[in-house]
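Look at the two complexes coming up: chain A is in both, with chain B in one and chain C in the other.
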Partner chain A sequence: MDFSALQALAASNDWMAIFPEVLLGCLALALLVLEIVLPKSLHSSLPGVALFGVLAILPSQLLSFSVGFIEGDSFNGLLHHSYEGQVMRVFFLLAAVLTCLLGTVSLPRQRVPRTEFYHIVLVVTAAMMLLAQSNHFVMLFVALETVTIGFYILVSYFRGSPASLEAGLKYLVMGALSSAVLLFGIVLLYGVSGNPMLAEHTATGMNFDSLSGFLAAHPHDFLASVGIVLVLSGVAFKIGAFPFQIWVPDVYQGAPTPVTAFLAVGSKAAGFIVLLVLARTFSAYAWLTVPVLTLMAGATLLFGNLAALTQHNVKRLIGLSGVSHAGFLLLGVVAAATVPLGYGAVYFYLFAYLLASYAVFGVMAHVAGPDDADQELAHYAGLYKERPFLALVLAIGLGSLAGIPPLAGFMGKLFIFIATFRAGHYGLLGIAVVSVVISIYYYFSWIRAAFFESWTPPADEASARPAPTPVGLTAGVILGVLAACTVILGCYQGPLGMWLSGR
Partner chain B sequence: MTSLTFDPLLLAIMAPLAVALAIALGLPKRWSVRLAYAGFGVPALVALWAWWQYGAAPSDHGYAFLRTYSTGLDGLGIRLTLGLNGIALPLFVLAGLVGLAAGLYALQSAAEKLKIYLMLLLVMVGGLMGVFASVDVFFFYFFHELALIPSFLMVGLWGTRGATENSYAAMKMTIYLTLGAMLSLVGLIALYVQSGAAGAHSFNLITLREIIAARPLAETVQHHLFALLLFGFGILVSLWPLHTWAPLGYGAAPSSAAMLHAGVLKKFGLYGLVQIALPLLPAGIAHWGSLLGALAVFGNVLVVGFITMAQRDLKQVVGYSSVMHMGYAFLGVATASVLGLGGVVLLMVAHGLSVALLFLLTTSIHHRTHTFDLTAMGGLARTAPVLAAFFVAGTFASIGLPGFANFWGELTIFVALWKFSHLFTVLAVAGVVISAVYGLRAAARVFFGPPTEAFAIVAAEHPPTDLRWNERVPALILLAALLFIGFWPRSLSAPLNATLVQLSAPAAVAPAAK
Partner chain C sequence: MAHVLFNCFALLTIAGAVGVVANKNTVNAAMCFLLSLVGLAGLFVQLDAYLLAFVLLLVYAGAVVALFLFIIMLLDTQGRQKWDFSKLAVFTSLVAFGLLLAGLGTFVKRGQLEAPNPNAAGGVGAALKPYAYQLFTTYLLPVEVMGFLLLVAMLGVIVLSRKAGAGEDAP
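Entry: the complex of A and B
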């Protein structure tokens, strides 16, 4: 038997290129081992191991910016290491750190195993990082499924809570459906591109570069367009875009708060990276993808904001507002089809969203009581008087989500608007402006509850609100840093701004 | 990045913001108060210095003190560019003076949570100095929002009405003003993209002017862009019928916030129209001028004027009157002539000073009467003659009597308006009578005549004292500025005229509509 072909394949297995992912996997396994090895008294230090472990991996990721992997392929074309991919790896590592931090706040209030939570978060993070660099439908699907299956477990992690279990079931059903749709789309594209009757057919239709070449040669193939729409629909499920947003409020409410945060930020960002890569791959079908995404963006914006208006549960509210943020990001994706600034705008928006969302979720994790699904807007009344620090972080986070200068969220929206305007989508821009004004209403209601209203204890014990958890040192420092970064990134964009605006 | 040499304009912006940051980081109260004096004083001193030095300072593209800093968005053409031209200078001075007066008044007010109150006020002052010093259109908007946010919080937290009404007023202001700001933001982005400046990468007003002078925009594009800017800015300046947030918000706002918002922040929209929209979009004003004039004269001047006459609440009278006076400013904008625009800028400064003075005195009156209800007051002049004198002077200024700065603003606007439309001029002058009626009636109700029974009871409990010195100083600053400009308008109008003539020269201002 001749092994030279396999050797040639193995030679492109550049393990150094996925060094941070490998480290994350090792750390995740080490956590499980440590739980068995260490005496019970030391188990409380395991979340710290996870948190600081990821923080330690962060510099090794920063190194990969300088090593010569940028703009190269590895693993025989499964992965493509673009500069954006590296930036997004940092993004996912940050999200993992912050999710672990929220876990240390939320989990101790529940009777659930702890270590496995961090294990799964780390594995999911590694999968997201691979997803951000995937250049092949097999890689994309495997990574996406790893993320999704991890989330099936995480969403129903509070197994004593009916809301959490219900959310898990809903996410499972919807997730499985969307995976099936995505897979069907992939298969159609693979089948069409491999049809030997067509010119430029390719045996490697799973590879984005080959597929892109085939699509450019057949810009109006019916089967390929069906495949493209199905693939886009599958991804739209993950990012919670209209009309696939139906699972969002229930799942966001039922999932444990750290998982909701991870779902809102990490999973959404992963979806958008995939969407950007796919939009580039499908660029020959812009006649199809741009109208589809345009419709989706407009409907997502309007639905998210109008639905969020009537919410009293803050987890549902933040979930639906997350749908509207998906709409803003979709604007960026639509604009990116013709205006390169669109890419930079999406990345900046994601970072601003990460900072602001985790600040808000951090406050939510502290304010929430033993019943994690029961977080009412009314519980925030008088927060400013009792916990000025939490109220301030909340105000900065919500202000940034609402897009108020001088906070980072405003700059994100500004870049999206400029890109959209340059791309000439005036109708979408009008919808976006209306959306911002609507969103001010519900974000401001939340701020108003925290600052302007005072809490009057109700007569009956049943509706008493939970007492906020005291803010620990690490949590306090990190929340403060998040708020400060939100302000600084809003005023001074520095190298990040140079990078994205220089595109 | 330019070298970090001494830049007074940056200092005027950063000093209040730095003090606010220090207070936010937990400065003890005693030091917060001391530093706050510096935070309010430095911008005012810089503003006066800039006024003094403006004629002598070297001018670059019509701007004095021009400096540029990078914030990392050079690729998009966003750079922090600071400078003053003849339009910006008067408003920069206004912001400095009203900021100082509002700050001094806040320092003596013994408000609850004084530290945070001062912090928010300092952020507002810093933002306002930035608005008028910015040559970059993006930062012009950015600083405006920076100044706007604290005003929402201040209305909600330190409002002078009930808790529910305060938070309703804060909410309404937020939504209205966000809508206005978003519309104008889209208008500014549109201007940036449509002018082709997106290719040249510049939000800089000087570059934008050069680009548009070389290649004017198509007429329909100008019409659309101008509509976005006009109605966006119009909401911010309370153009009828989009004005309803203003009296409500001012009625609820604490004195210093109302002074800064009504006095200075609201001028942002008009300033944007005069500085950005009119020179860049001459066909826009020609198209929309008649509608703007009609809305201003029938809506702001007459309708709101009559509403003001019907008010029984002193703070509402001042709030509505400020909406009404914005009508004159819009009329000046509608004429789009050098004379009319000069009048607008002068009126903006004069109105800013006089309305701030009136809000200040209204709060001082409230401390003595414990009510804003005009029917429940009377005879305050006996016990507080100095307060009465200040209030009457402020009312005269607001009506536009000769000797006060407002007179020159209104007069020039009327002269310019006569060429634009005879009917509008007649109606606008009739508006002056309306403002005299409600102004004088309010002053008479509060200070003269016999005290009402209700007020006699309040006065027995809290014997009213006259204006204290720490209230007089901020009032004096404002009144002195009003009189100074009233007797020597040339100090502002000379640089203003030079800039306006220069701006209208390259692209000839469209002829009047009628």
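Entry: the complex of A and C
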């Protein structure tokens, strides 16, 4: 038995390269152990352990920028540590911190187990971080399934509420369908690239570098193009782009508010980084991917904004507006095929979206009552008089989502529009500008409810408004920081802007 | 000989799949699914993918179908009324079916592969030993992630199915 060959194969399993993910996994396991070991009176400190644990992992992730793994492969090419991948790891860690924070606000109102929620959030975050660096279809699929299966549970977490269970079931069915579509596409690509009768065939067709080499040698293969369209469709399901967006409103409404936020920001960002990596891998098939993604972007923008116009439930509204944000991001992906600025624009947009979305979701988590699915626009009437801090954070968050000038969301949209303009997609640009105008209408009807309307209690008890939860110290500080960052990032882009222009 | 066997197994697979959809009795449908899987395993054997055929029978026929049968017996789904489709649903499914047929037609017409070289080396999934080597060297990271996936799935079952009031933190 010759072990040296095996050792050589295992030599590039460099666990230091995924140090933050390993730490996250350990923290997740530690939470479960602590729940058993600690006495019941200390259980209320576990969410804090999760939140500050992730905050403590953040510096170790920032350190990995200086370690020698950047722009290198590890785990036999399963992972590629690009600079963007590192930036997105920070993004997912931030999303995890904020989701844990929302969890501490929303979960205590329900009769549900607590610790498991934070455990699943941490594992899902680690999987998203691996997803952002995957360079191989096997790694991509395993990480994606870990994310998706975690979300099946998180979405139906408030199992006492029929809406949450219904959302979980819908997400399960649609998620399974999209995984099947994605897998079929992967299999087709692997099969075609491994055909020994074709030139440049490769035994490692799952690896993005090998696959990209094969595709460059056969730029018009029929089976490969079917595979590419199927893979893109599978990813489009995850980001909620147009023909695959039907699950979005129901799932967003039924899911617990922290999960809706995580789904809207984390899951969408994960989908987009996969899409960017895949678009680069499929660059030889730009004749196919660019028209497909262009159509998808235009339809997504129009559908998301027009459907959001008629909504009264704020979770449905934010879900459908999330569809339109997916449209803006798709614009960046389309532009990135020809203009390198597109990549930076997508990442900047994602960061601006993270800050603004979590600010809005933070306010939603405080305003929501015991029935988490029932959050109407009318419940926000008079918010400014009763809780000026929450109303201000809400206004800054919504303004940024709508793209009002001094805020980060405006800069994000501007970068995307510049990239689209340079790439020459003028039709798409027109649709996008119209979409911005439409979106301002529904975002401002929300702001109007919070600032200019006063609450008149209805005659019947059933539609009474829940009283807002008091804002805790940690939640208050973090919401304030989110709002402040949104303003600062809008006026001064700093290193992020440098990173954009340096590309 | 190989062609005859291929046709037999392919027929078995398709007939089983049709049986799953067409059968009104859910137990019979599950049995048809089993039949379809056996046919599929036969096709894999013909492609020299013995391990895949074995795993398919072991996991699906052995575990998954047994699970289906348990659930069918627990739920007692016999004697429910027939599906009542609206006109719109019928129309949409017909359109979708037409699209599927068109797609399949193009696939058959344009997706022909050249006959592969009979001397080509088998994939790593063909036999157990190279497969296991690959799994614990090259693909070690996905295997580890899979462990977390299973843990999360198990936790999910516990969280979602625990009896109301047990082990929950009060609001």
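The rule is simple: the second predicted complex is superposed on the first by the 503 of 503 C-alpha atoms of A that agree within 3 Å, B and C clash if a C-alpha of one lies under 4 Å from a C-alpha of the other, contacts with A are read in each partner's own complex, and residues count from 1 in each chain.
We adopt the following convention: a residue touches a chain if its C-beta (ideal position, glycine included) is under 8 Å from a C-beta of that chain, and two chains touch if they have at least 3 such contacts.
The structure presented is a predicted model; accordingly, all values stated were derived computationally and were not measured.
Engineer: Touch test for A:M197: chain B only (first), chain C only (second), both, or neither?
Structural biologist: A:M197 sits against chain C, while chain B stays out of touch.
Engineer: Looking at A:A126, would you say it contacts chain B, chain C, both, or neither? Reply first, second, both or neither.
Structural biologist: second
Engineer: Name the chain, either chain B or chain C, that contacts more residues of chain A.
Structural biologist: For chain A, the partner with the higher number of touched residues is C.
Engineer: Based on the superposed arrangement, let me know which partner A:V226 touches: chain B (first), chain C (second), both, or neither?
Structural biologist: second
Engineer: Once chain A of both complexes is superposed, is A:F19 in touch with chain B (first), chain C (second), both, or neither?
Structural biologist: After superposing on A, A:F19 lies clear of both chain B and chain C.
Engineer: When the two structures are overlaid on chain A, which partner does A:F184 contact: first (chain B), second (chain C), both, or neither?
Structural biologist: After superposing on A, A:F184 lies clear of both chain B and chain C.
Engineer: For A:S156, select first, second, both or neither according to whether it touches chain B, chain C, the two together, or no partner.
Structural biologist: The second partner, chain C, only.
Engineer: Determine, under the contact definition given at the top, whether A:L429 touches first (chain B), second (chain C), both, or neither.
Structural biologist: first
Engineer: If we overlay the two complexes on their shared chain A, which of chain B and chain C does A:F389 touch? Say first, second, both or neither.
Structural biologist: The answer is neither, since A:F389 touches no partner chain.
Engineer: Could you pull out which residues of chain A sit against chain B in one structure and against chain C in the other?
Structural biologist: none
Engineer: Quick one: which bits of chain A touch chain B in the complex? Just the residue numbers, please.
Structural biologist: Those residues of chain A that touch chain B are 341, 399, 404-406, 410, 414-415, 417-418, 421-422, 429, 433, 436-437, 440-441, 444-445, 448, 451-454, 491-498, 500-503.
Engineer: If we count contacts the way the header does, which residues on chain C are in touch with chain A in the complex?
Structural biologist: 107, 110-111, 113-117, 120, 123, 133, 136-142, 145-146, 148-149, 151-153, 155-156, 158-160, 162, 164-165, 167-171
Engineer: Given the complex with chain C, which residues does chain A contribute to the contact?
Structural biologist: Touch list, chain A to chain C: 6, 9-10, 13, 18, 25, 28, 43, 75-76, 78-79, 108-114, 116, 119-120, 123-124, 126-127, 130, 138-139, 142-143, 145-146, 149-150, 152-153, 156-157, 159-160, 168, 194-198, 203, 222-223, 226, 370.
Engineer: Quick one: which bits of chain B touch chain A in the complex? Just the residue numbers, please.
Structural biologist: Of all residues in chain B, those touching chain A are 71-76, 78, 138, 141-142, 145-146, 149, 152-153, 156-157, 163, 166-167, 170-171, 174-175, 178-179, 182-183, 185-186, 189-190, 192-193, 198.
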